[in-house]
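Listed below are the structures to be examined.
First chain A sits with chain B, and in the next complex the same chain sits with chain C.
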Partner chain A sequence: MNSPIIETTGLCKVFRDFWQRPKVEAVAGLDLQVQRGEIFGLLGPNGSGKSTTIKLLLGLLHPTAGTIRVLGCPPTDVAAKARIGYLPEVSHLHAFLTPRETLHYYGSLFGLDAGTCRERTEALLDMVDLRHAANRSVGEFSKGMARRVGLAQALINNPDLLILDEPTSGLDPVACREVKDLVRLLAKAGKTVLMTSHLLADVEDVSDRVAILHAGRLQAEGRVADLLRRPDAVRFLVEGLDAETADAIRRDLEQRTHHAVVLDHPAMDLETYFLQVVARAAHRDHLTTHFQPAAFLAAAKEKPEVRDQKSEVSSQQAD
Partner chain B sequence: MPLRLRQFVALATATLLEGMQQPAALLLLLACVLLTALTPVFQFHSLGEEGRLARDSGLAYMLVFGLILAVAVASSTLAAEIERGTAAAALSKPVPRPLFLAGKYAGVLTLVAILWFAALLATLLAERASDHFVAVGDELGTRADRWTILSSLLAPVVALATAGILNFRRCARFGVAAFLGIPLALATALLLAGCYNRFDHLVWYHPDLNLRVMAAAVLILLALALLTALATALATRLRSGSTLVLCALVLGLGLTGDLWTGHAAWSWRGLLGGLLPNLQNFWMCDALADGGRIPWHYVGSAAVYAAVWSALALGAGMLALRNRDMG
Partner chain C sequence: MPTLLPQSHRLLHVLRALSAVALLSARAAIRSRVVAILLLLLAAGVIGIPRLVCGDGTPASELQVRLRYTLAFATGVLGLATLWASCAAFGAEIDSRRMDLTAVKPAHPLTLWFGRWLGIVLLDALLLLGVVAGVRLQLGFGAADTSRLVSRAIARPSLPAPEEEARIHFAELQRANRLPPDIPPTEILRRLTFESRHSHIVLHPGEAAFWRFTLPRPVTPDGRIWIRVQFNTTADSLVDVRGTCRVRRAGAAAWAAEAKVNDLTRNELEIPLAAPALAGAREIDLDFAYQGEPKAAALLIAPRDSLAILCAQGSFTGNLVRVMLAELAILAALAALGLTLGACFSFPVAAFAATALLLTVLAATGSSPEILPVDPSAGNSRPGLPERVSYRVVRSIDFITRPLLQPEPLAQAVAGERVPTGELTRLLLWGGGLYPLGLALLAATALRRRELARQGTGN
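Showing the complex of A and B:
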């Protein structure tokens, strides 16, 4: 039987003031299960306890009550952390280090040998499209560029579990889409991804399951399709239908159901339209931009440590 | 290299690099070296011995500036990192918290040791450059070593200029190049000082340095190691200002340690003596007066004393960090 990658039971976190009086209950009785290979979205308004939950899962905060198992171990287990990649909500990077030095630093913390560390660093720099800025201090970077370095460091250890706190924060729409593509690729390769975002569309696009928190409590949880489906309504999508026929069908349906029937023209979402415009412009100007996850995965595929990613690429190509 | 050692080296190196990049660290190093180098210029009293004022001043600057650097860097790399979240980013990796603290301590101590080394070189040069009584031919009186004063003052300038050029030409980090360049330039000045005497004559290699200072300087390094451990431990819970005040208090009370020893353990003075490190053990400048020497076996005993106190301070720091929420 497959045990969950992440499991919390009755998880509580109360922050206290200087005198140890309870100040705020950030997480209250949270029961969560995230299965292997799943993309799990953690949603909620500001102050709902998403980031606190993530820090509890990483052992950075100590729970007031409840139990946590991550990869079958308590969150303070150092060995389990070697299999986790973490992108914090704000990219906490050493401002004086270059992206290359940053990745070497985190690679060393994971105990990667020099050769592996160098290869992954170069592949990740290509992946997040920062090779041109590889020797500049991270302190000089824009928020989006720093975010890319943060994402690269989260992948330096080829993690089994990837925890992404607001991964698309500060990124432009093209980079957002590429991050989401990367998340899908990683999930297909058997990685488990836990992500939070204020941008509901981002989570909806990629997540298999979501949980919605409010005031530290779990309000809803389930598969995205199940949560969003309206079983009491039906939608037809027909191409090439003239207005006269459509109106006749509408009248007929209204007579049969005794309910109002809405006719409209489906529209693509703004993100898709934006990406099409940018892709056309880039094609016209012969430019390539932003992330190149396929390059990183291809560079890593000869490595036994990233064997999963190789099979993922093959399946992607087969798709 | 074993995993833990690799992590330790990575943490210490990052801390060292960050420390050297801080403008305050470079300013403290410059102030320490220049004040020591200027002592022979503004020498109005000899304290009864040639070069003593420069030697004692140099060792005092070494202790004070070393302490300020230790507190400033320990606070900024530990307390500030915990607040900013950089520490959380490192601790989300497979890094045990005690190792994290040990790596930080090693980085700060290495930085302090570089300042100590530069201060030692400046002190050796300052003592040689001070007024000495000479009686050669018709000349009778005191005479300063002008070339050594000049080279001591020029060394930091050359180091800063070289760091600027390296930054311009090779994009090297100015702070790191300058911080490492200053002791290097002073060492060069020290080597060149062996090629001339205070009468501005070229001589066969004769550095004319008072190497008895070494033992006193090593004692100060041990005191700095102890105070760095204390600053690192305090920075796990306190901010910069509080850490500086507490470390200065320990330094002040510790330097008057002889007042607190020899009293009954249950008296307030005895209790204070037991709770505070006796830093008087590390301030032995007076022992160098009139050709005196500090025995190296004493330095060895002091090293054990410093190691025990440092371990206690770091142990307390590790306990304080163990249950601290990072976020």
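Showing the complex of A and C:
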């Protein structure tokens, strides 16, 4: 049996004041396991302990109690760090460096030789569509552009474990979708991804499993499909159904089940609609938008699912 | 697919990280315009100080202004900039959370520390080199008297070591049962050593004194040497010093050269002598006959401190490079101090602590007594607790900083003395090696123990 990539047992973090009096219990007895190749979403409201957990996993904070194993090692282990890519919630880049210099710098910290560093830097600049701004200072960048540099630096070492704190924060919907596609591709390539986001739809789109924290405690954990599935209700999707037939079916179902049956037309989500509009506009103007197809992405590029406009009938059993 | 380097190439890995961090340090300084401002300040100092500060018109004073004041100003400016920049290197990085991204990379804290230190020290070296080059150019083209642009080895009289003299004196006092009962023997010995080290002879008009010198290198073929006598007098004003200086090979029957002294001076004489007969000599006898008026003031000469024979060694420019290296060793130690404080505390605290420490060291170094002062009027030969505590504090600071601050290469260069290789090596070893290493270990421990991300940062 494969050992988990991330494992915490009874993890606690208490922040103390200047006099060492306990102030806040940010994480309380957290038991967590993330398996290899999994996309794991960490969810929770503000102050629930998501970022604190990530900082504990990275060794930026020390646990008050409990144990942490990341890639089989303590979080401060240099060998483990060499296999981790990290994107913080705010990129905190050196404002005076250009994206190219930034990637070179972080690549050198990983011990990459000059040739490899250069090669990966150029590929990542292409991937995040920053080649045109590769020689501008990061300090001049918008939040979204800085975010892309942050994402690129997280990938410079070809990590086995990617920890993304709010990866889509500050990005426009097109870039958000590209990040989510990238996360899926990385997982397909055997990488493990741990991500947090306030945008639940983002996590839902890509995560295999999620954990929901509240007040530092684990409230729910499991596969997304399992958590969201409603075994007490059934939905039919039928294309090209006229209103009369649909109404007849509804009445028949109500008679058979003695429960109310809801009949509606499913709508596309706004993200999908937005992407379609932008893609049409780009096609019309012969422009490409945002992330460019990069060599290491192109190999396993996969079109995201887009839900079609269909008639939808759902039957819900009364409790 | 690129992979990380194997175990056997760990050194290469460390060197790559080290050079990347050093380059980052240099880029940070250059692109934040710190270097541009420093360059302006240093250029203003090198060009402005000789024009703004007036000496007393003598060549010695001119050299003092052009060399000592200018280089001291440059070292001071670079020292403060180095201290604050190094405090910011970790302190501000951690405060602004930029350190998070670096800390999660597989670079050891020592690598990060030494990379930062190297970057700052290399920048300092470049700037200092520019200053020294500027000063040398000014001295070469503008100095009225280039005869003082010399580099000379210095020799003090061959006398018993002060510690040895003190031990003999102590034994005599012990035999005579005259040791003060309320002072510890170690303290008595320290005081006797101090007295021996600064003991002086009193030379009245008509009296003569004789000393033997062992030179660090043979006298050059032209036989040029300089005799330097610094003294105090019983008079408050200038003294008309008349006398005769004679030198010979040690033990030779005939004197090789003689110089008449007739100088109105306050406390120093430097007498040049050309004695080809001394060429190649390593041991020299010096005889000084004080021939002033019978009522003239007596001369108080402390031979260990203030009597020297100098002989040419090396070039003035070469000596300036030695001075530069010595000043660089101090800057390197300051950079190490700042980096470690920045690793331990937030930037404002580190900058404040660094500045306070620097001022304390300067104050302690300037006023550090070699022995605990005693107030004879108090009637008690044992000083009180506050005096003893403050003495210990000052002596401790002096003990820690002595390897860097005690030799004064700049003063030596102004006096035309070659900075001895041993002293320079010791300075470089302490400033560029031992201090940084100790402070780096401390910083690495702090960086490992310190929580780099704290609560309350909004994420």
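FYI, the second predicted complex is superposed on the first by the 293 of 319 C-alpha atoms of A that agree within 3 Å, B and C clash if a C-alpha of one lies under 4 Å from a C-alpha of the other, contacts with A are read in each partner's own complex, and residues count from 1 in each chain.
Note that in this section contacts are C-beta pairs under 8 Å (C-beta built on N, C-alpha and C of every residue); 3 or more make two chains touch, one makes a residue touch a chain.
Small disclaimer: the values here were computed from a predicted structure and weren't measured.
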Fit or clash between chain C and chain B when superposed on chain A = clash
Task = Using the touch definition from the top, say if A:81 reaches chain B (first), chain C (second), both or neither.
result = both
Request  = Scan A:135 for contacts with chain B and chain C and give back first, second, both or neither.
outcome  = first
Request  = Scan A:120 for contacts with chain B and chain C and give back first, second, both or neither.
outcome  = second
Message = With both complexes overlaid on chain A, does A:40 touch chain B (first), chain C (second), both or neither?
response = neither
Query = Quick one: chain B or chain C, who's touching more of chain A?
reply = C
Message = After the superposition on A, what does A:24 contact: first (chain B), second (chain C), both or neither?
response = second
Inquiry  = Let me test your reading of the model: by the given contact rule, A:158 touches which partner, first (chain B), second (chain C), both or neither?
reply    = second
Ask   = Which chain A residues contact chain B in one complex and chain C in the other?
value = 15, 51-52, 55, 58-62, 78-79, 81-82, 84, 86, 88, 90, 92-94, 96-97, 105-106, 108-111, 153, 157
Query = Taking the complex as given, what residues does chain C use to touch chain A?
reply = 1-5, 9, 12-13, 16-17, 19-21, 23-24, 27-28, 31-32, 96-98, 100-108, 448, 451-455, 459
Message = Which stretch or stretches of chain A touch chain C in the complex?
response = 15, 23-24, 26, 51-52, 55, 58-62, 76, 78-79, 81-82, 84, 86, 88-94, 96-97, 101, 104-106, 108-113, 116, 119-120, 137, 153, 157-158, 165-166
Query = Can you list the chain A residues touching chain B in their complex?
reply = 15, 51-52, 55, 58-62, 78-79, 81-82, 84, 86, 88, 90, 92-94, 96-97, 105-106, 108-111, 135, 153, 157
In the complex with chain A, residue positions of chain B that touch it = 3, 6-7, 9-11, 14, 17-18, 21, 84-86, 88-96, 171, 173, 323, 325-327
